[in-house]
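What follows is a set of structures to go through.
Next come two complexes, and both contain chain A; in the first it sits with chain B, in the second with chain C.
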Partner chain A sequence: MLTLKDIGFNNMKLAIASGKGGTGKTTLSVALAQASTAAVQLLDCDVEEPNGHIFIKPEFTSHEQVGIAIPELDEALCTNCGKCGEICQFSAIVTIADKTMIFGDMCHSCGGCILVCPQKALHEQEKVIGSIDSACACGRNSNIEFIKGTLDIGQAMAPPVIRAVKKKIRPDMLTIIDCPPGTSCPMITAVTGSDFVILVTEPTPFGLHDLILAVETMRSMALPFGVVVNRAGSGDNRVSDYCSAENIPLLLQIADDRRVANAYSRGEGLLEAMPELAQQLRALIDKITSDVDTSTKGEQ
Partner chain B sequence: MKIAISTSGSTLDAPIDSRFGRAVRFLVYDTEQKTFSMVENEQNLNAAQGAGIQAAKTVVDSGAQAVISGHCGPKAFTVLSSAGIAIYHCETGTIQEALEQYASGKLQPAKDANVEGHWV
Partner chain C sequence: MKEIVIISGKGGTGKTSITASFAALSKNAVLADCDVDAADLHLLLAPSEQESHPFFSGHIACIDEQKCSACGTCQSLCRYDAIVAHEGKYAVVASSCEGCNVCVTFCPEQAIDFPERRCGEWYRSITRCGPMIHARLDIGAENSGKLVSLVRQQAHELAQQQQCDLVLIDGPPGIGCPVIAATTGTDAVFIITEPTCSGKHDLLRVLELTRHFDIPAYICVNKWDINPSMTKEIQDSARENGAQVIGTVPYDSHITKAQIAGKTIVEYGDSIAAISIKQIWQNFCAAIEI
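On to the complex of A and B.
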C-alpha cells in the first residue's frame, strides 16, 4: 500500500496513447493530472492539435520556439554533382541538370547532405517549425505543471517538436504525456522512453481495429501497457473480449455518460462531470506505479 | 522532342495513369522518330515521401521536354518547371489519344500544380 509520501516521490513517465483519434486521450490525461494528489507534469504532445489547455486553463509564463536544422545551398560553390540528392532518403534535396533544389518541408535534419558535399556548398540553417508554452501551478489544486507543444501551421515534422516538449520532463516528478493519435512517427516519438502506456479506446469496431494496431506497436517497442475503455456501454464487447484473449490488462472502464459530453461542450473535463471518478483515477495511478516499480525498477 | 506520359501499361493503347509521382512508369514518346521507350518509376510506388520530386527527376533524366499526366503536385511542378519541362493535364483516355490531343493543340500547358501537396 502506497502512502502519500510515496506518491509524492513518484517519478513515473505515463504516456496516454490510443491509435484511434477522439477516444479520450486528452480527457483521461487531464483527469489523471487533476486527480493526482501530488505534483504532476502534464505534457501535451499532440502538437498538431494540442487541446489540453482548453481544460487546464493555464496562464502561460514561458514561450519558446522550436527549430530544426535544414540545409542551405551556396550556389556559387555548388557544382550540381548530385551527391546530396543521392544520400537524402527523403527527397528533400534534388539535382536536375544544372540546378540543385532544397525542399525544406521534407528534410529530417540528418545532416547527410552536408557531410557528403565535396564542395562544402551546404551548411545548416535553423528553421522554426513550432513552439512550446509552459505554465506552473495549474489546475484546481495548483499541482500541475502544464507544457504544450505546437507545430506551426503548414509544417509537416511533428517529432522534433514532441522531442523538444519531452526535454522538459523532470526526473523527480510524475509525468503524464498526452500523445498524438495513430501509430506513426509522432505517436512513437511521444511514447518512447515512458515507463507505462495507457491505450485509451472506445468499444466500437473502429476503436478495436486501431487498438490492435496500437497494441502491436507497444509490443514491438517492448513497452508495458494496459487499456482504458472510454464511453463504456456505447458499443459492444469486442474490445474487452480482445483484451482478455490477449492477456492485456483492462485497467478501467469509463461509462458513457451524457454529463461528460455536457461538461466537454463547456470546456470542462471528466472530473467536473463525474467527480466520483477521482478516487478510481488515483487508484489507477497507484496501481500502475506499483506494477512499474515491481516489474522494471525492482532491481535497482 | 520527347514527351513523358504516366501509365501503368507499356503500349500506346494503354490508359494514362492519372497519378504522376506514383505512376507505375512513364512512356517516353519521341515525336520525330515516332518511337517510344519505357522508364520505370516503381521505386516511387512505396516511397514514404518525395515521390513527385523523384518522378520529376526521372522524367528530367529521360530527356523528355514535356509531361502528360493526370495530376501534378506543387513540388513535382517546381522541379519540372525548373528544368523547363511543360506539364499537360489529361486524366482519361489512352496514351495514343493524349498524344493526338497534344499534337492538335487541345492540351494546354499547366501554369500551376493542380493538386495540393500531401504529407507522410
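On to the complex of A and C.
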C-alpha cells in the first residue's frame, strides 16, 4: 500500500509520553528523529527538565523568551472596588481595605480582571517564565529541526511554555514531541492535538501502574496510542500481558542492554549503542503513519 | 519534627525505591506520597486504607445547552482553547478548562454553570513502616500542586497527633508547580540522581531550585558504577553548588526483583544496594540530626 511517506509527505504529529519518569521518552524521541530518512521536527516539551539537546548536540541559532501576560495596576485610576479580586479564581489579585495588590506568581493569565475592571485601571504586561531555543539541520543526517522549551527555575507553570513550543509545529513535516512525565496539565498540554501517542514504559510494577494511568488519560482524551517497552527483560511480563488483555498495540520492545545504559550516561543515544535498531524504528514510523492515515480516511 | 523530601529532577532515578527503603529503616515516621501524578509508593508499602476523602479544587465551566444562544462570546474570551464549537453548539473541554470564571462572568445568557471540581482523592492509611498519607489525581485533572500541598498538610497534622518525629515525603519529578509545593518549607531535600549527562543536567536545575528556596540539599548517586567518572563529576559539581554528598548506590538488579516482590530493597536480603542504602540512611540521619 502506498503511504503518504512514500510520496515524500509525512506531517504526522507523534507524541512520546509516559506516566512514569525515566522510562526512555527522550531516548526514543531522539532515536526516532535520527532514524527518520525525511526531514523531521523534534520538540522538547519536557520544559521542566529538557534533555534532548544532550543527545542531539545542536548549535542553537535562535533564542526567544516566553512570557505570560499578567495584570499591572494604574493606582491613579483604581477605586479599590474589588471586582478584580471577585472574578479571580487564583488569589492573584486582592483588594484589602484601600489597597489592591497583584501576586504575579499566582496569575493564570485568564484576563478576567482586566475585562471586569470598571475603571480600566488594569492592563497586561509580559512576565518572562521561560525560553525557546531552536536549531536547524541537526543530527548525523542534518534532517532534524530541534526546538527546546525551558521553564525558568522557580516558575511553577509549565503549560504556557509547552504551548509556545508547540506553536512552532510546521504543518508540512513529521513532528516528534518529547513530552513531560505524569498525567496532569503539562503532559496533557504536550499530547493535545497529536495524531498518535507512543507510551514508553518499563516491565516493572511501577512501569505498569503508571502506564495504566497514562492509558486512561489517552482514552479520556480519545487519542490513538500504542506502547513501547524499554529495558525489556529487566523485569517480568506484566506489561505485555496487560497490553494483550486490553488490546493495546505493543509497538516495540527495546532489550535491556548495558551498552545502552553506558552510552546514555555519556550523552550518546540509542542508535549509537544499537545501530541495528534504526531499521525497526523507520518501520515503526511508517506503520504508525499508515495507521493514522487509514483511520483519518475512515473518519471522512 | 522534621520534614524531609526526596526528589530527583529527572524521573526514574529511584526516588520511590529510596523513600520506601528510608520508610523501612526509620523508626517513627509518617510517610507522604507527593508524586500524586504517578504515585507508586503504595506498590512497595501495601497500605491498608483507613479513610478516603474526595479532593475538590477550584471550579469548572459547564455550558447549559438549553440556555446557550451560540453567540461564541465564551470561545472568544477563553485563553486556554477550552471551548469548542460543534454543529452550532458550544462545549467545554474539561481537560483544558482552568476554571478561571471569565466565560461564566461574561456569558450574556448566563448559560454557564460553575460547579466545584473534583480533582482526585486522598487517603489516610497504615503500612508496616508507619502511617501514610497518599493521593490519586483524577485522570486529566488540574491542580496537582494543590493536592501535593494537601497531602503534606495532612501528613504534618498526623505526625503531630501521633508524636512522630519525621515526615518522609516521596516527591515528584521536575522543577515546576508540584515540586515547588512538595519542597518549600521542608527541613532538607534528599536528591537521588544517576551518573548520566541528563541526570547531571537535571540535578543542577534542582539545586538551583533548592538554593532559590534556601533549603539544605543532600545528594546520592544511584547506579554510580554505570559511569564512575560521571559520578565524580556530579559529586564535584553538587559540592560546588552547596549540596552535601551523602553516598552512592551501585547498580543492582535486586532493586527490580524486590519491586516485583512488593518489598523495599532493604527488606529483600543483603544485596549490595541494600547495604549501601542502610549506610546512606545512617549518614543522612547524622547529617540532619534525627
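Operating definition for what follows: the second predicted complex is superposed on the first by the 290 of 300 C-alpha atoms of A that agree within 3 Å, B and C clash if a C-alpha of one lies under 4 Å from a C-alpha of the other, contacts with A are read in each partner's own complex, and residues count from 1 in each chain.
In this text, contacts are C-beta pairs under 8 Å (C-beta built on N, C-alpha and C of every residue); 3 or more make two chains touch, one makes a residue touch a chain.
Since this is a predicted model, take the numbers as computed values, not measurements.
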Quick check for you: in the superposed arrangement, does A:Thr23 touch first (chain B), second (chain C), both or neither?
second
Between chain B and chain C, more extensive residue contact with chain A:
C
Applying the document's definition of touch, where does A:Ala156 land relative to chain B and chain C: first, second, both, or neither?
both
First (chain B), second (chain C), both or neither touched by A:Met101
first
Should A:Gly267 be classified as contacting the first partner (chain B), the second (chain C), both, or neither?
second
So, A:Ile188: does it touch chain B (first), chain C (second), both, or neither?
second
Scan A:Val128 for contacts with chain B and chain C and give back first, second, both or neither.
neither
Once chain A of both complexes is superposed, is A:Ala92 in touch with chain B (first), chain C (second), both, or neither?
first
Under the contact definition given at the top, report the residues of chain A touching chain B in one complex and chain C in the other.
90, 156, 184-185
Residues on chain A engaged by chain B in the complex (per definition of touch):
85, 90-92, 94-97, 99, 101, 103, 105-106, 156, 184-185
For the complex, which residues does chain C have touching chain A?
8-13, 16, 37-38, 40, 43, 58-59, 77, 79-80, 95-96, 98-102, 105-106, 137, 139-142, 144-145, 172-180, 194-198, 201-202, 205, 208-209, 212, 223, 226-227, 230, 253, 256, 259-260, 262
Across the complex, what residues on chain A touch chain C?
19-23, 26, 48-49, 51, 54, 87-90, 108-112, 115-116, 151, 153-158, 180-188, 192, 204-206, 209-210, 213, 216-217, 220-221, 234-236, 261-262, 264-267
Provide the residue numbers of chain B that touch chain A in the complex, in ascending order.
47-51, 53-54, 56-57, 60-61, 75, 78-79, 82-83, 117, 119-120
